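Shared chain: chain A. Partners: chain B in the first complex, chain C in the second.
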Partner chain A sequence: MSAAKHSQAMHFHARAGENVRNPVLQRALQKAKPLFVGKRAKGIAALADDGLEFEMLRTACEGIRNRTLADLDVWLDIFEERAITSGAEVLWARDGEEVGRLVVDIARRYGVTKATKSKSMLSEEAHLNEVLAKAGVRPVETDLGEYIVQLAGETPSHIIAPAVHKTIEEIEALFAKEHGRPVETRTSADIPDMTREAREVLRQHFLSAEMGISGANFLIAETGTAALVTNEGNGRMVTTLPKVHVVVTGIEKIVPTLEDFATLMRLLPRSATGQTISNYVSLLTGTKQPGDQDGPEKTVFILVDNGRANLLGSPYQDMLRCIRCGACMNHCPVYFSLGGHAYGWVYPGPMGSVLTPLYTGIENALDLPHASTGCNQCGSVCPVRIPLPKLMHQLREEQVERHLRPWSERLALKAWAWVAGQPVLYRWLTRRAVRYLNWLADDAGRIRIFGLAPGWTAGRDLPVASGRTFHELYKARK
Partner chain B sequence: MTAKRDILGRVRGGVGKGDFAGRRAAAEAVLNARLRGPQPTISDGLIERFRVKAESLASTVDAVSDRKDAPAAVAAYLSANGLPMRVVVAQEIESLDWSGCAIVSAARGAVDSDQVGVTACFCAVAETGTLMLLSGPDSPATVSLLPETHIALVDTSRIVATMEDAFALLRAEREAVPRAINFISGPSRTGDIEQTIVLGAHGPCRVHLILIGISS
Partner chain C sequence: MRVALYVTCLVDLMRPSVGFASLRLLEAAGCEVIVPEAQTCCGQPAWSAGDRDLASDLARKAIAELEGYDYVVIPSGSCTDQICNVYPQLLSGDSLWGGRAQRLAERTYELTTFLADVLKVSTVPSEFDGSVTYHDSCKGLRTLGIKQQPRELLLRTPGAAIKEMADCEECCGFGGAFSVNFSEVSTRIVDRKCDSIAEAAADAVVGGDLGCLLNIEGRLRRRGDETTRVLHIAEVLAGGEES
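Right, the complex of A and B next:
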């Protein structure tokens, strides 16, 4: 599988350790988390002013996504037919490599030397920037966060805030180098100036690129339309100014009607950034019309599978409802301890812990389904009610069934299962174990260092229990 | 062609149902039913709600009683903000008397050097304080995109409650969707450097709305 080649998810353990000890990253993450959580909470609470509530809306959104997936073959057929009728071309790609080949072909056909890009996570799945550069096409990321990440030679660490891991000092160093000026001392007060500087540089790219590449937040079957939701306006630029517009998006992104889209838009921006609506919502259909002074002469949709179709009808189908809002990672204690790069592939956080093993192979991302405290904050904020902790559990079960767990864990579980089947031995052992734990505790009733597995208590204390087993306590009560 | 066949084959296998023609007909019926999800209850008047929401998204709002008064309001805004009296306007509002208010207007698509773009809008959405613009020969998408200042004339009779209502209006008045429908809610913004919100990322830094049909 091509995706597995690029995944670093097997190094999760090592990267997690490095990231926890990286003070610069930790500072950036600690600054961001309360902002994400607070903004969403405010946005969701404001629904009540209009007589709406979150649970009612998420039921509607979940229903739209489920109904589409239940007949996805039909909706794809309708979307393709209507997109073609409106003047677009529709291509299909089985995997990331095929996406790269198709985009390079289009670039060659239209003599493209530079492509401006609006944020597309699928183009990360396809390593499109790398492929374009090799083919002699300069890819320019234009979302400010993506631009920063591209200058740093990195990948996004968050699906809606790609540069959340970068501090202002790091960004200043990147801008000074790329924009050919000396490094200055920058504080938060300089952020408007820095944004202005990037605006001026990127404006020239917008005007000169021959091709614009975007993703799509949704594909609307009714009209054969790509829906693009942005705040910066870069999405509008790359779909208005270049002569060719290529939409690279997953086959699961379809919604049937404009009304369905309007319903989903009541939760997507609120879940992502707490906004009631994003600044720009663009619905793009076909190409430049007779008499139009702007717009692309050529519009191509590339509908990508890359593992998605296999989830239909599988125990993981719920994951295909995902609308990429980022709320799950914004509320995840694991994500905010490690940052997005620890996850090793395109999608971080809880949704990444489910998608990465499914799209790159369960055996290539063994740690990710375990990167969870089981707190279910992700599940409770998901606007399309994806049971993320349950899906991670299923993946863990599958690891066990396929004998993918380490031998030590398998042996320990076998031993446990045997002991649990011997009542006398079980009682004798557990009596000793709880007394040992009780003996470890300090005066405040907490275990500060757990001798058998000190890692567990490196960053926290373990509250101690009574020192008696459940059987003993139960007997005493009678 | 083979990629399409492969992918659709897998999708069909996953969906696991037969009778494609029957399901396709059912889907067409869904498209024609245009069912709406939960709708907001908007208690203020639509115009007031639109104004409050637009201002909360950092747009500024002015009002005039008649369309012919719009150029004077534009001129007042330009001089109050130290902007040049030279604007690019969408052709659909080219016939207003711009020169009578000492404004030099060019009716065309915008270019990089244009500092102020003036447009009308197809309609506006009260729920979120949003403009709905349709691209077309008389309303190029660049006029609301490239200049740093975007001024939009909003007919108050065209303010609807929700995005769904806006789509209903579109279906009633147009035969097909245009190349681009742009919903615009205030100036362009970014929060990508340390999650600090800055206005004027790539699109306009200022959005000024002139409501038409409000007698003073």
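Right, the complex of A and C next:
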């Protein structure tokens, strides 16, 4: 599988540890979390002002996505037909590599030397920047976060806030270097200035690029339209200024009607940033027509499978409802302890812990479905009610069925379960165990280093009781 | 009313006083309490690890020993979730056990829910001198909807003053095997919980799941906090009588 070779998900454990110990990263994450959570909470609470109710809207959004997925092929056909009618070209890509080939082909056809890009996670799945650069096309990320990440030579660590792992000092250092000026001391009050500085640089790129590459938040079947939801306005530049506009997006992004899109928009920005609506919502249909002020001469949709079709009709189909709002990671205690890069592939957080194994191979991401406390903070905020913990659980079961768990873990579990099935033996063993624990404990009744579960005492004491089990004491009392 | 008390494996091993406190609370509320003798573990560790077969074996065992009572009460949201939500789903394809799992689930309650919603107790047998801050454990809160019940009971406890901590609904980072397998991440998460607890500056942090409480207590002590008491809700409500 092509995605597997780029995935670093097998190193989750090591990366997680490193990131927990990285004070700069921790500072950045610590700052971001309350912002995300607070803003979403306000946005959801404000639904009441419009006489709307979260759970009802959720049901509606979940329903739209389920209906779409039930007849995905039909909606894709309709989309293709309508898009072609309005002057666009529609191409299909089986995987990331094919996306790269198609985009490079188009670039060659139109003599493209520079491509501006607005945020697209699919372009990450396809490693498009790398592929373009190799083909002699300079890719320029124009979303501010993506721009920062590109300057740093990194990948996004969050699906809507790609540079959330960076502190302002780090960003200042990157800007100073790229923009050829000395480093200054910056505070959050300077963010508008720094943004303006990046805009100045990007403006020249907008004007000189021959191709714009964007994702799409939704594809609207009835009109053959790509919907783009952004906050910076860069999306508009990318999709209207260059003569060629390429939309790269997943086949599951389709919704049947404009009305469905409007319903989903009630929850997408609120779940993502807490906004009632994002600063820009663009509906892009076809090419520049006579009399139009702007717009591309050529519009190409590249609709990508890359593992999605396999999920249709599988126990994981619910995952395809995802509208990429990021709420699950914003509310994830694990994500905010280590940042997105530890997850090793394009998608981080709870949705990544489900998608990465499904798209890159379960055997290539063994830790991810286990990297969860099962708290379900993600599942309870997801606007399309994806049962993320349940899907992670299914992946755990599949690992066991396919004999992918370490033998030591399997053996320990089997031995323990066998003992737990024999009450007399269990009582006998637990009586011995608590005496042993009590013997290990210090005067305060705590174990500081516990050889049998060193993970526990690495960061915590283990408080133990009197050296008697409940059942033993209860029996004695009777 | 015959009530089976399922103490949980963690209470049996790590803090028997929670089992005795639960017993006293139920008896004070007028229940005839039986502690079924053969109880061991509900099987959640096997289920969490992804092993359906082992989890089903232990589910059948628990069903057989718990189904003969009017109610089953458990001082843990997480084990209650296992019996109420996981068992029926785990055994749904089993013509014999599916129905039995379902019937058991309907009669099984987490301790504070049973006291507040089923028995509707108006008094609790203890007094507590000091302030408490309540940590909402994830399973209880998000799958069983336990939120008001423990607080109602605390309000009825003479002397106990509730001081809510910030983000009381945030996960403490325990997660069973997660706390050992991803120890550093787990510690990072519980650190944030400890910060909230420190800010609340209550005399005791109280919760309904021993796993979370051991995690919180273990981290608080490691950080050098020797004074904040860490108590199970049953211990607060039933008073400090030693087992």
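Everything below uses one rule, namely that the second predicted complex is superposed on the first by the 436 of 478 C-alpha atoms of A that agree within 3 Å, B and C clash if a C-alpha of one lies under 4 Å from a C-alpha of the other, contacts with A are read in each partner's own complex, and residues count from 1 in each chain.
The rule we apply is simple: contacts are C-beta pairs under 8 Å (C-beta built on N, C-alpha and C of every residue); 3 or more make two chains touch, one makes a residue touch a chain.
Note that the structure is a prediction, hence the values are computed from the model and not measured.
Asks: Going by the contact rule set out at the top, does A:V434 touch chain B (first), chain C (second), both, or neither?
Replies: Only chain C; A:V434 stays clear of chain B.
Asks: Counting residues of chain A touched by each partner, does chain B or chain C come out ahead?
Replies: B
Asks: Would you check which partner chain A:L413 touches, where first means chain B only, second means chain C only, and both and neither mean what they say?
Replies: After superposition on chain A, A:L413 lies in contact with chain C alone.
Asks: Which partner does A:S372 reach: the first (chain B), the second (chain C), both, or neither?
Replies: second
Asks: Which holds for A:R460: it touches chain B only (first), chain C only (second), both, or neither?
Replies: A:R460 sits against chain C, while chain B stays out of touch.
Asks: After lining up the shared chain so the two structures overlap, which partner does A:P423 touch, if you call chain B first and chain C second: first, second, both or neither?
Replies: second
Asks: Looking at A:H158, would you say it contacts chain B, chain C, both, or neither? Reply first, second, both or neither.
Replies: neither
Asks: Give one of first, second, both or neither to describe whether A:V400 is in contact with chain B, with chain C, with both, or with none.
Replies: second
Asks: Examine A:T240 and indicate which partner it touches, taking first as chain B and second as chain C; both and neither are also allowed.
Replies: The first partner, chain B, only.
Asks: Quick one: which bits of chain B touch chain A in the complex? Just the residue numbers, please.
Replies: My answer: residues 3-4, 6-8, 10-17, 20, 23-24, 26-28, 30-31, 34-38, 40-42, 53, 57, 108-109, 112, 127-128, 130, 135-137, 140-142, 145, 162-164, 167, 176-196, 198, 200-204.
Asks: Would you mind writing out the residues of chain A in touch with chain C in their complex?
Replies: For this pair, the touching residues of chain A are 13, 16-17, 20-21, 26, 333-334, 337-338, 370-377, 379-380, 393, 395-400, 405, 409, 413-414, 416-417, 420-421, 423, 426, 430, 433-434, 437, 444, 446, 453-466, 468-471, 473-474.
Asks: Any idea which chain C residues touch chain A in the complex?
Replies: Where chain C meets chain A, its residues are 7, 9, 11-17, 19-20, 35, 37-41, 43, 45-46, 48-52, 54, 57-58, 61, 138-139, 142-143, 170-171, 173-190, 192, 214-215, 217-219, 221-222, 226, 230, 243.
Asks: Quick one: which bits of chain A touch chain B in the complex? Just the residue numbers, please.
Replies: Per the touch definition, chain A meets chain B at residues 28, 31-32, 35-36, 50-52, 56-57, 60-61, 64, 70-78, 86, 91-94, 98, 142-145, 148, 161-164, 166-168, 171, 188, 191-192, 194-196, 199, 202-203, 206-207, 221-223, 225, 231-234, 236-237, 239-241, 251, 256-260, 262-263, 265-266, 273, 276-295, 303, 305, 309-314, 317.
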